[in-house]
Amino acid sequence: MNPKYNGIYRYFFGCLSILISALFIGLSFYDSKQEFIIKSSFINFSFRFDALSLFFVIFISSLSIFISIFSIKYGDIYDKKPSLFFYSFFFIMSMIILVISNDMLTFLIFWELMSIFSFLLVIYEGSEESRRAGFLYFLMTHIGTILITTSFIMLYLKTSSLSFDYYKGAAGIMILAAAITGFSIKAGIMPFHTWLPYAHPVAPANISAIMSGIMVNMAIYGILKFLFVFGSGSGPFLGIILLVIGALSALLGIMYAMAQKDIKKLLAFSTIENMGIIFMGIGVSYWAKVENFKSIEYLAMLAVLLHVVNHGLSKSSLFMGSGLIDKYTHTRNMEKLGGLSKKMGQLSVLFLIGVMSISAMPPLNGFLSEWYLYISLIGSVLTNNLYMVYFSVIAIALLSLTGAAAGAAFTKLFGITFLGKPRTENAENAVEPHVIERIGIAIPVFLCIFIGIYPYRIISALNAVIFYLTGGTVSSNPFSAVRIINARPFSLYAPALIAIAFAAASSAVFLYLKIFSSGKKRIFETWACGLDEKNSKAQYSGGGFSSSIMKVFSSFYSSVSEINFEKDVKKYFRTKSVYTEEINDIFEKYIYIPAEKLYLKLSEIFNKAANSENINVSLGYLFLSLIVCFIIYIFIIR
Amino acid sequence: MIMEKIAELFIILILVSVVLNVSSPFIKFAIKLYSFQSLMLAFYILMGAVHFNSINLYGSFVITVIFKVILIPYFLFKTLKKVKIDKEIDMYIGIPEAVVFAGSLTLLSNLIAQKIVTVGITFGAFVFTISLATFLIGAMLMITRKTLFSQIIGFLTIDNAIFLAANSITHGMPLLVELGVLFDLFVSILILSILILNLRRNAAA
Amino acid sequence: MYELVLILPAAALIFSIFIDVLWMSYVQLIISTLVFLTVAAISLFFHSITVFFGGLFFVDYINLVILITVSVLELFVAFYSFGYVRTEIKHGLSKRKFKFYYFWKNLFIFSMMVSIMSNNLGIYWTGLEATTLATALLVSFNRTKESFEATWRYVIMCSAGIAIGLFAIVILYFTTSQVYGESLKSLSFINIMRAGSELDKNFLMLAFILALVGFGTKVGFAPMHNWLPDAHSQAPSPVSALLSGVLLNTALLGILRFYQINVSAGIYYPRYFLIGFGFFTILVSAFSIIKQTDYKRLFAFSSMENMGLIALGFGIGGIAVIGSLFQILFHALNKGALFLSSGNVLAVTHERKIEKIRNLSKNFPITGLMLLFGVMGISGMPPFAMFLGEIYIMFGVFKTNIWFGFLVFLLLIFIFAGLFSKILKMYIGVKDDENGRQNENRANSGTDKDNQDRGEIGVHPFMLYAPLILLLISSILLFYIPSPFLHIVKSASAEFGGKIIF
Amino acid sequence: MISSWTKISLKRVGTKNYTEIRVHINDMTYNYNIQHLIIGIVQFFVIVLLSPLFAGFIHKLKQRARGQKGINIFQFYINFNKLLKKEVVLSKDATFISNIAPYIVFVSYLVILLMLPAFYRYSLLGISSDVILIAYTLALSTFFMTLYAMDQGSAFGGLGASREWFLTVLSEPSLIFIFISLAIYTKQGRITDIFYFIQKGASNAFLYGVHSYAVSIAIPFLLFISLFIVSISENARIPIDNPETHLELTMFHEANILEASGKHLGIYEYGSYLKLTVFLTVMSLILFPYMAVNIYQIPMALIVYILKMIILCILIAGVEIVNPKMRVFRVPNVLSVSFILSLIAMILSIRGF
């Protein structure tokens, strides 16, 4: 391989994934009800475009087009090991084929292929950190796959068919529970989330963007397929469980996000949060489906689908942005950044919009889906159902807490990283990213704004999916109020109107100030109580920013912090003190690590007993098993 | 009738040789006992051959004598000479306990044989008891003794037990099969001897 | 044509005595290819049970599956050996040793072929014991203390086990001689099957149990498995591949024959014994695998697990039998790839310990990736064909009991975790400081210049291609299974009462 | 699809000389006519213009209670005007955030006020005056204010931002809860509808003795207390924050805008008055929902509104005078009380009191 041509892989696979994604988009627009089967000798690979998979095909393809555009330039730091582009191409393809597959073996094969390629991308950097992350990720995802396989096996035994066509309404509670558990491992829902904050940060940024923006949503696809297509529509408590788990993981996800220093890790925890929000929507929708509250079902489903789109767009753009920060400053640690906004002006604007979108600030798209979720939760409170009322009240409480905490976490992210003074030289030497990289981020960010302000087009498009899943639609009318339990209009959020109001009010204020205030401006240094203003260390640090909130919610964390002073120095004139803080995941600490220890202990006992070095013992086992079999035999023949 | 009694004597001698084997820590003696035991087996087969006038059993007698009585003990002796071990030192259970254990295994096998043997076996449950007991005691030898030779002896005892069973409950396996089995046994003893030598050399080095 | 399958390995055996090693590697390639072609031709035109060599040997659907497995794996092992011999000779092993290697390997193959195709159970026994003896000296190929100990354990345990198997054959012979009289005829499998229900059921079952424990020792069922990890670890890698991929299946064939006889006689208890041993084997392997420190032992435990799974499948019957039959071939391919690619690492570094091997992604990019993918395949992940086998077995398991299915899956997850954590550590793990320094010192103190670069460059390209192609085949088989093989599997499963639902 | 979109029909209605813009799609009609629009705009401007007065009134009350002479209650208008005339001093480290954040903060309060009914049943943005939207718009203002605080790289800015979010994380859920409790209580989602509903129910019950809607005193009372606590925390009032101090240890709100000057400071200050007014207005509506339904009731409603606001101002000033400032980490205790009160209110309203 001539190093001169290294870039060719990047261009080739980048363009290829753009082309094929575009092809799939075209295919799905061309004819929405295609079905084809590739016959092999033993298993048939059948594929089908239905409304749900169509939605996901377009979603995956369009996001991967943006990310591919981005990585065409961004990837040049990975030119030395071009396997990145190869893997990521297949990663995208396997996801696209996954959502159109129409029988269980095809589904499982491409599901696992997706996992394998994403795993290879996680360990791409080849560091010790990436090994641990990769192992954890692959183990967890394997467990998930096995649970999914289990549910498919049970479906197969029930219907004696491999094709999805026969699974409609066949899945009972057991099957659904297994499938949901399996998929929620992939989605990173709270008790199973441990892999996610490790795996997402270690991968290259474009891969993190794909994983967080697209891949976790494959789990949502699976759950929707199982609950709303295969599900027999029983067990309303499943919906409630999903709601509660979703709410908890939303809250805990964002609480942990707030505590992070690593930009990508923060974003990864935020992915957990958003998956939690999506799960809440699914839970409400499924519960409403079982209990036959139609309009709540549709609204919650709209919330789910919209949030999938919104989260995909904003999270992928944020991950791409974090990749650019990493690329141009060589660090992802917020405590070493700061003041990037001056160096990377355009990126910071894009990043700001992404951050606003993901923390659900009103005129943008993130708020839209959360609003629908709130409305459906309020609706389920209003149904007066005996149990759901309390759970949805709790869910509203947790969701509102999540919303506020998301604001705090992302203020920290943006404020510490982009604003203030540069904290290290890394941050000082940053430059504006290449234009192609900016374009790659700009498109999803633009879409965020577009969907946020003018969502009617996408809602009317999503109605096809909602109809496929639930049998009803949500009005895509700008001025049609939502109804939740009875025919009376309940409420309305008209984003376009709000946006216009914002624009009008700001221009009015601007004009007023233009006319009535002095336009004088003076640039001067920040007042720092007379101290040296060059000292960037005087700024608030990221850890300090979140510490007060963390102190209030300290029961969620198991944090260990200590301050080390140099010894033998005068008490009040220390030259140096070291503050270390370690924030541990409570699930990791109280569930995963003890489980691992238990397994290792058991294996040690087993290993000692079963794999004895002593040949006499081995022979003893041989004859012992003979005798045991003999005794059983004697009992059998009587 | 008298033939049967004589055959029973041979069989009892097999069991006795095995029990003697258990009671002695000397390897040379054990190999000799094995040779004797195989000879008793061969005589037993010969009795069967005379009784049924079966050419198959005559052939079986010949190859048993060649392989089990002569060749295998010869090679074991040769190896033993090179390795220079004469006594079993490490045992998991002491000799008196082992002998008592062997006795109880015989009782156990009698019990099992009574239970299993229902239909016409040539010489009845008696042979089955003995062969099972021999089998189990051989297994016990393999399990309880650490020296490699004792393990080989135990293995060979098991093999003899199976041969005894084969020649008592049936009129011997087909000659082709028997030849193959004995040849395999012989080769395995050869290989085990080589291994003993190599292990010894490695341990010495 | 059928005779060729026996004659060709015998010819190779004879050649190996007289021809120089380097020439022998070519001859071996040709003969292995011929064997493969013969078996391919047999399986293409196979339509019913065929007897040859005067009724002593036969081919039916079940042993044809194993025959195909042997011939395919043998072909790749021959390929691999071609490079292996050259690499090892370059690294300073004597040619005479490899003459030995070829001799014993061909004897092993020959006796295995005899064993697989024998119609007569006595001959089956002889062949199986012969495989033990033929591989014994291959296991001690390295002539170290560990290898001799492993061989000792292997020979003693397998001989004792197979002696028990002989007991089973004796009892079976006694039972059948009631029908056919005392001759070679009453050990003929075809005849026994024909007699079927006339035989004494108690004795048949006793024979089955003895066969299960006896041959099960050689299959590697827990708790009789103790020889297996050591032997697999100490044998030269191509031999390990053969041991794991086909020898275990050959031993399993014996159990299956007894099982078939029992089934034909209408006895249904044996399946519980198969399920029990299969499950227990998976259990033991699941809890032992994480504690292994030697990477070839790791794969050995994985082989145990897979044999357990196959036995489980046969025991459960129905749809699971198809899975088990698939698994026999697919496991051989995948495990072959694993052992062969681990052989690459071993051939260059001469290190068996996992902790001594680090950062394969840099030094052995292709081999490391093959190991990684191989482990994925062996854990039943697509795009490798074992996915099919495993899922079909699990169909059966879940059909019997859902919770049992969950339990088996849990154990499989443990095994995957154990295997994968170790392999991943080898692939991109970073050494601890102390170990790292130690290893560096050893590398510098080495006299041989070739040993110093310790990379994939020191490996003959054939050693890379063989496992690569095996993995590729495994991957292709997931998407396309040749219809003759499918037909064979279907018919074979029909003999166990398997029903195929597509 | 387009056919189902907005149909805006303009027509002359009868003898009345105004145009009615009727927005109706499929099923829902929300009447807007010129009258509503004009009164909505008037209402908006009245509140916006009055808001510094309320703040000044509270300030004055506090000072008088402490025995000081006190400022002119129109002082804040003067301050605002003066600040506009001053030059803006920007930090060297300031970015575009510093230039846009004051506007966005200010405008988001304006937008909330556009949605809020004060003394007239319809507001200008009444059609889209969802309660959750209001709560999140408040969060938007906090978001930009804290970004502004962190923009200059001063130590106080980060401190202020951190503390501001600390408060918001605790009070925002309470606020949302209060709003959603109201929504559940009335089964209405829009703030205009909510208070109209309460008003109608109350008037039906008390004036005509018709219990056509569920009427409760307990629930609004609980919500009022809860909202009172929240508004004290959100508006940086005394037990939690002190808007008059610039001591770094006690600053919450002021630390955020410490670097602001000139017109930026002016609109920040004005924004804080607006925010106070928003909270006071909502409280006043919970306390005594009386809004004009037609143009003739407006003078009465306006007077009632101002009266209510004066009462609330006195209340807040009273609380500020009586209480000392509390430790930062005692704030969660107080806010959790508000949260629980609103939770109880919600549960009560579900079960149909």
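Annotations
To keep things simple, chains are lettered A, B, C and D as they appear, and every chain counts its residues starting from 1.
As a working rule, a contact is a pair of C-beta atoms (placed from the backbone, for glycine too) under 8 Å apart; a residue touches a chain by one contact, two chains touch by 3 or more.
Since we're looking at a predicted model, the values are computed, not measured.
Among the pairs B-C and A-B, the greater number of C-beta contacts is found at B-C.
Chain centres here are means of the Cα atoms, and by that rule the chain farthest away from chain A is B. Centre-to-centre spacing of chain B and chain D amounts to 101 Å, using the average Cα coordinate of each chain.
Between chain C and chain D the centroid-to-centroid distance comes to 77 Å (mean Cα coordinates, whole Å). Centroids built from CA atoms put chain C at 32 Å from chain B. Chain B has its Cα centroid 70 Å from the Cα centroid of chain A.
Residue positions of chain C with contacts to 2 or more other chains are 152, 156, 160, 164, 202, 206.
Multi-chain contact residues, meaning those touching two or more other chains, occur in chain B at positions 116, 139, 142, 151.
Residues of chain A in contact with two or more other chains: 615, 619, 630.
Across the assembly, chains come into contact as A-B, A-C, A-D, B-C. Interface residues of chain C facing chain B in the complex, by the touch rule stated above, are 120, 122-123, 125-126, 129-130, 132-133, 136-137, 140, 143-145, 148-149, 151-152, 155-156, 159-160, 163-164, 166-167, 169-171, 173-174, 177, 182-184, 187, 200, 202, 206.
Taken in their complex, chain D has these residues touching chain A: 1, 4-6, 23, 25-28, 30, 84-97, 103-104, 106-108, 110-111, 114, 125, 127-128, 130-133, 135-137, 139-140, 142-143, 146-147, 149-155, 157-159, 161-163, 165-166, 168-170, 172-173, 176-177, 180, 183-184, 187-190, 193, 259, 262-263, 266-267, 328-329, 332, 339, 343, 346-347, 350, 352. Residues 152-153, 156-157, 160-161, 164, 202, 205-206, 209-210, 212-213, 217, 222-227, 229, 269, 273, 284, 287-291, 359, 361-362, 376, 379, 381-383, 387-388, 391, 394-395, 398-399, 402, 405-406, 409, 412-414, 416-418, 420-421, 424-425, 427-430, 478-483, 486, 501-502 of chain C touch chain A in their complex. On the side of chain A, the complex with chain C involves touching residues 40-45, 105, 108-110, 112-113, 115-116, 123, 126-128, 130-131, 134-135, 138-139, 142-143, 145-146, 149-150, 153-154, 156-157, 160, 162, 174, 599-600, 602-604, 606-607, 610-612, 615, 617-619, 621-622, 624-626, 629-630, 632-633, 636-637. Only residues 338-339, 341-342, 345, 348-349, 352, 356, 359-362, 367, 370-371, 374-375, 378, 381-382, 384, 389-390, 393, 396-397, 400-401, 403-405, 407-408, 410-412, 414-416, 418-421, 456, 460, 475-482, 487-494, 497-498, 501-502, 505-506, 509-510, 513, 516-518, 520-529, 536, 538-541, 544-549, 551-552 of chain A touch chain D when the two sit together in their complex.
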